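In what comes next, chain A is part of two complexes: it sits with chain B in the first one and with chain C in the second one.
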Partner chain A sequence: MQSNRLGWILLAPTLAILFFFGVLPFIYVVYVSFHQWNPFAADPTMIFNGADNFRKIVFDAEFLNSVGVTVLFVLFAVISELVVGYILAQAFMKEFPGKAIFRTIHTLPLIMAPIIVGSVWKLMMTPSIGIIPHYLNEWFGITVNIGTSPVAAFATIIIMDIWHWTPLVTLTLIAALVSLPPDPFEQAQIDGANKRQIFFHITVPMIAPAVVATVFIRLMDALRTVDEVWMLTGGGPGSATRFVGVHIFKEVFPKTNYGYGSTISVIVLYLTIVACWLLYVTMLAPRSKKD
Partner chain B sequence: MNTVFKLAASALALSFAAGMANADDAFWKEAAAPYQGVTLRGVTESSPPSLYIREVLAPQFEELTGIRVDIETTSWDQMFDKAIKDMEAGTGIYDMVYIEQDIVYSYLARDFLTDTTQLLADNPALKAPTYDEGNFTTFADYFRGENGHLYGIPMEAFIKIYLYRTDLFEDPEIQASFKEKTGRDLAPATTHAEYTEIAKFFYEYGQENDLQLWGATVQGHTGHPASWYEYVETVAPTFGIYNWGIDADNNYAATVANGGEMNSDTAKEALQWWLDLRQYAAPESNQSTWTEVGTTFGAGRAAQGLVYGENAGWIAADDTKSLVVGKVGVALPPLADGVMAEVEGGEGYIGYYDGGAFGLPSTSKNKEAAALFLEYIGQNEVQPDWAVAAPRVTNTATYDDPKVQDMNEELGGYYDMLRDKGYLFAGAPAYPFHAQLREAMAPTFYSILTGDSSVSDGLDKMAEIAEATLTELGYRK
Partner chain C sequence: MAQVKIDNVIKRYGSLQVMHGVNVDINDGEFVVLVGPSGCGKSTLLRMLAGLEEISDGTISIGERVVNDVPPKERDIAMVFQSYALYPHKTVYDNIGFPLKMAKRPQDEIDRKVTGAADILDLTKYLKRYPKELSGGQRQRVAMGRAIVRDPQVFLFDEPLSNLDAKLRVTMRVEIKELHQRLGTTIVYVTHDQIEAMTMADKIVVMRDGRVEQIGAPLDLYDNPANIFVAGFIGSPSMNFVHGQIVNEGGVRQFRSDNGLMLPLPDTSAPDGTKVTYGIRPEHITIADHGVPLRVVVVEPTGSETQVFAKHGTDFIDAMVKDRFKAAPNSEVRFAIDPANVHLFDRETEQRL
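The block that comes next holds the complex of A and B.
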């Protein structure tokens, strides 16, 4: 009984912080999402409008476009990061000259703030001046202009995201691979299993929890990407890179459309939870059943 | 005898001036005495005039008064975000906020700002002998409320001007080539057709000679409001489309059908002219905001351009940043037929008179100390060096200062133009919904820039969106 009380006392500060900085603001956002509220409207007060904002969102072409663009971005970015991250993790499991230096350099992007990453890539991608368009043109005769080409802008953002976040995936997978017991691998080899069989039937199932956790983290991060995109393209050209995070930012800050912006935030949160749940069900639930 | 008399008079004048300076210093120390230990916090855009406040004026004020001043310089978007959140939530973090001329109406509508005229009238001990509202140029009027009182102390004011490269325009070989190709003399354009012709000529000249030189700057970012502003504030007025094409006196009509001009044939002609310029502009144009336009011109990559005056100073005079020092001329923007006559007659304007003020949020917890700082930056005495460091003039007397006159020469007569022709330019329309309306139309505007919408369809759609948004916001009945 006493240890129970002590436990609650020790937990209390964390719970209080979570309540005041997590739960309360969330409840407030949900409350605001049922209101029409723009402090720069003729009537700046909050007006309850029921589910009007939620109805409006279904017909909001800009929002639907931003969701579509975001889903594409998440698919391309997260899958690429997972594949590249795994290959690098496997490489780092082996010994080779300069491994420590390479691993340090490889991890450096991770410690950079997203806004800085966006700025650096903006400098590198400025048409005709930036180092990337310059050499692409000089060496291959390819003209890249992220201000006019939606494909170039979108691809640049994916590459930037892969460059920035793959180290996180690599580090997580290295941790998972290092902790694998050697016995199942040795037994599989004795039984004559080839590399592909070992990978799909032993490695993947054993690192699946780490993979899913990493995908969850990257998925949630990618869904709310704002800073890098804001710096690099501002959501353009046109609406080509207006991801849902950028869309919410533009709705809430410059437009000060707090009511509708809150509605979009709630919906995006809901979509994120659904996406994570689907991922969990498809990747981990079958395994739990087998266990 | 005459020399002795002059020396004596000079000595007397010097000792009088020194005495006045001491008296002024004594005022600041005495007035600041109750506020020792106070730290004032301000947020502003990271622009040359604001950086001067942070680097020079704030430390000077601190040394004089003992009141610490922290000025946060950040991006344009972040600045508004931080200031509005602070004032909306009433947290009182900031004692001074930058008020861009186009947002003052929104702030006044929400009672975000302190009436500085009244504050100083109510607290005579705070009134500096060297501060006088009458010292400001008429630009200060943009920051007055309906009662005629000041709600912000002007800190920057400049016009968006036509800059051109004098070394290119005055080169005899280039002049001869231009004459041969076009049949007319090379001179700053006065019409849109001339401007395009010059842009085309220098674009071709750059290509033929393998130079990193293009015909014009274009502030044409395809995902940033800077492009929208270049069109509505700089281009459209030169065709006679004012106030974004919205008729505020006619129930905020935007469509031609309802009496607005946003989608008029003239507006479409203006936008098309600007879009066509991009073919002769530097490749970075469609990623350029106001900052990059200055950088493009300063890097010598454009023969001419419409550039914010705040950048003109470093472009023309700072050889650590600019490659075209001493090679810059200024002129009025090109105009359509009849626009100048219309503007001289008191209707409309030919370009953007940009600027801003430092305001004192109603939520500030250090209003009196902040008022002292605002008076300090509003004095005539601090203006000349500030105007030289960043070309902005907010006080009438600044124009006559020898330092400013020297700078005027370097800038090709920019200050003369600001003083003599400033009345032809105007700030943004007095709408309390700038950002709200702009962002509602922005996606459509960007789709015009990328070619996904035609100019005609895009402007038709924008005008409809404008009216719908204004109805939703409650301004259009």
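The block that comes next holds the complex of A and C.
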């Protein structure tokens, strides 16, 4: 009994913080999502409008488009980050000259704030002053303008996300690879497995928990990407890079549509939970029986 | 099945040489145990046999084929690791069947061989379980099952019993030996436990510091150890050693220790005054009135036998006697030694005289 009470006392600060900064705002957002509310209007009172906001979402072509764009972005970005991150992690498992310096440089993007990343990439991508369009044009004769080309804007955002977040994937995969016992790999060699078979039969299943955790983190991050995109393209051209995060931002801040913005947030949260649940069910749940 | 030839094998890590020209011939179907203290190079030698370590010099052949540059998967060997190295995400069935699956054998053959191996190893009930759901002994058997389904030319065992408790170790020892008798496949087995070596081997290779100290049948090594190291390593409890020299007192040649303890001498051509190390196994000492007087230090009854530790000055001798024996510390005890069981070693070279 004593230890139980002590446990609750020790947990209390965390629970309090979680309650005030996590649970309360969440409940408030859900509450607001059932209202029409513009706090900056002449009449800033909340008007309860039932499920109107939710009904509106279904017919909101911009929102539906933003979900599609976001899903595409998440798929491209997260899969590429996994592949590049794994290759880099394997490279860092070996010794090569300048490894320490390379690893440090490789990790630098992680410590940069997204808003800075967005503005730096905007500078690098702006036609006439940006280094990337300049050299693409000079070396390959390719003209790139993220202000006018939806494909270029979308691709740039994916590349920027890969540049920014692959180090996170690399670090978690290095941690997973380092902790693998060597014996099963030697055993697999003796058992007649070639490199490809060892990768698919031994390595992948053994690092799967780390991969899934990384995908969870990246998935949730990517679904709520706002600042980088806002800085780089502002969601354009047109709505080519108008991800759900950007869409919510636009609803809430320039349009001061707090009620509807909250509704979209709630729906996006729900979609995120569903995506994570699907991921869990397909990748981790069968394993939990084994462990 | 195949014979294995290890010919003048040398292993270097950079400038550090750890294996100094090892030669071992293993006959077809033989059970060979590599034994020695940790760091003696026995596991490295086994890993070189498996192809997991490169050889710096010399040759290793399996069958008629030199395998120096042959990758592990093409050596037709099976190995059981100390950690068992089971695949944690695969069931017992999939673990045992893995080598066959990699070799792309037909499913019915995999089925037949896996269930056959499971039957031999008493694992049939556990085929659907994961390694985490098994006891140490069962995991060990899964690792053996995975080895036997391959029907390899040579089995390699790297301290497979070290992680088991004492009782299970004895059971598994018997099982492995039985398995060898049944399959008749060549086995190379690494252990630091000389009892395992004595009980299982057809031939023991005693190693120290990357060198072979002696190769022979278990009882050969026990009866005729080549040097002090082998004499001390083989046999449990280990041999007593007393330093001294051969003296001739009144026409009777005897051994006199540095502390003046007089012990009976076997037939030897070594001249009087030769400095020797006197070796006698505890189980070859009896307690009798005509024996050498010593002072009791500790008496350890084990039930079937009694181990008596006694001393003379700084010379410690222990005896393992069949009879029950009680004595107070510091009381006198007389150890009778049959000279025929005594081993004499050169004090300088530590080689047997």
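Convention: the second predicted complex is superposed on the first by the 284 of 291 C-alpha atoms of A that agree within 3 Å, B and C clash if a C-alpha of one lies under 4 Å from a C-alpha of the other, contacts with A are read in each partner's own complex, and residues count from 1 in each chain.
Going forward, a residue touches a chain if its C-beta (ideal position, glycine included) is under 8 Å from a C-beta of that chain, and two chains touch if they have at least 3 such contacts.
If you're wondering where the values come from, they're calculated on a predicted model, not measured in any experiment.
Per the definitions stated earlier, placing chain B and chain C onto a shared chain A by superposition produces no clash, and the two fit side by side.
By the document's definition of touching, of the two partners only chain C reaches A:193; chain B does not. Contact comparison for chain A: of chain B and chain C, B touches the greater number of residues.
Centred on chain A, the angle reaching out to chain B and chain C in the chain A superposition, using CA centres, is 150 degrees in steps of 10.
In the overlay built on the shared chain, the residue A:234 is in contact with chain B alone; chain C does not reach it.
Once the two complexes are overlaid on the shared chain, A:202 sits against chain C while remaining clear of chain B. Once both structures are fitted on chain A, no C-alpha atom of chain B lies closer than 50 Å to one of chain C. No residue of chain A lies at the contact with chain B in one complex and also at the contact with chain C in the other. On the side of chain A, the complex with chain C involves touching residues 181, 183-184, 186-194, 197, 201-202, 205-206, 208, 287, 290-291.
For chain A in complex with chain B, the residues that touch the partner chain are 38-44, 62, 122, 126-129, 145-148, 150, 233-242, 250-251, 253-257. Those residues of chain C whose C-beta lies close enough to touch chain A in the complex are 50-52, 71-73, 75, 77-79, 81, 83-90, 98-99, 102-103, 130, 132, 146, 150.
Considering their complex, residues 77, 80-81, 84, 88, 106, 109-110, 220-225, 282-287, 432-433, 435-436, 438-440, 442-443, 446-447, 449-450, 452, 472-475 of chain B touch chain A.
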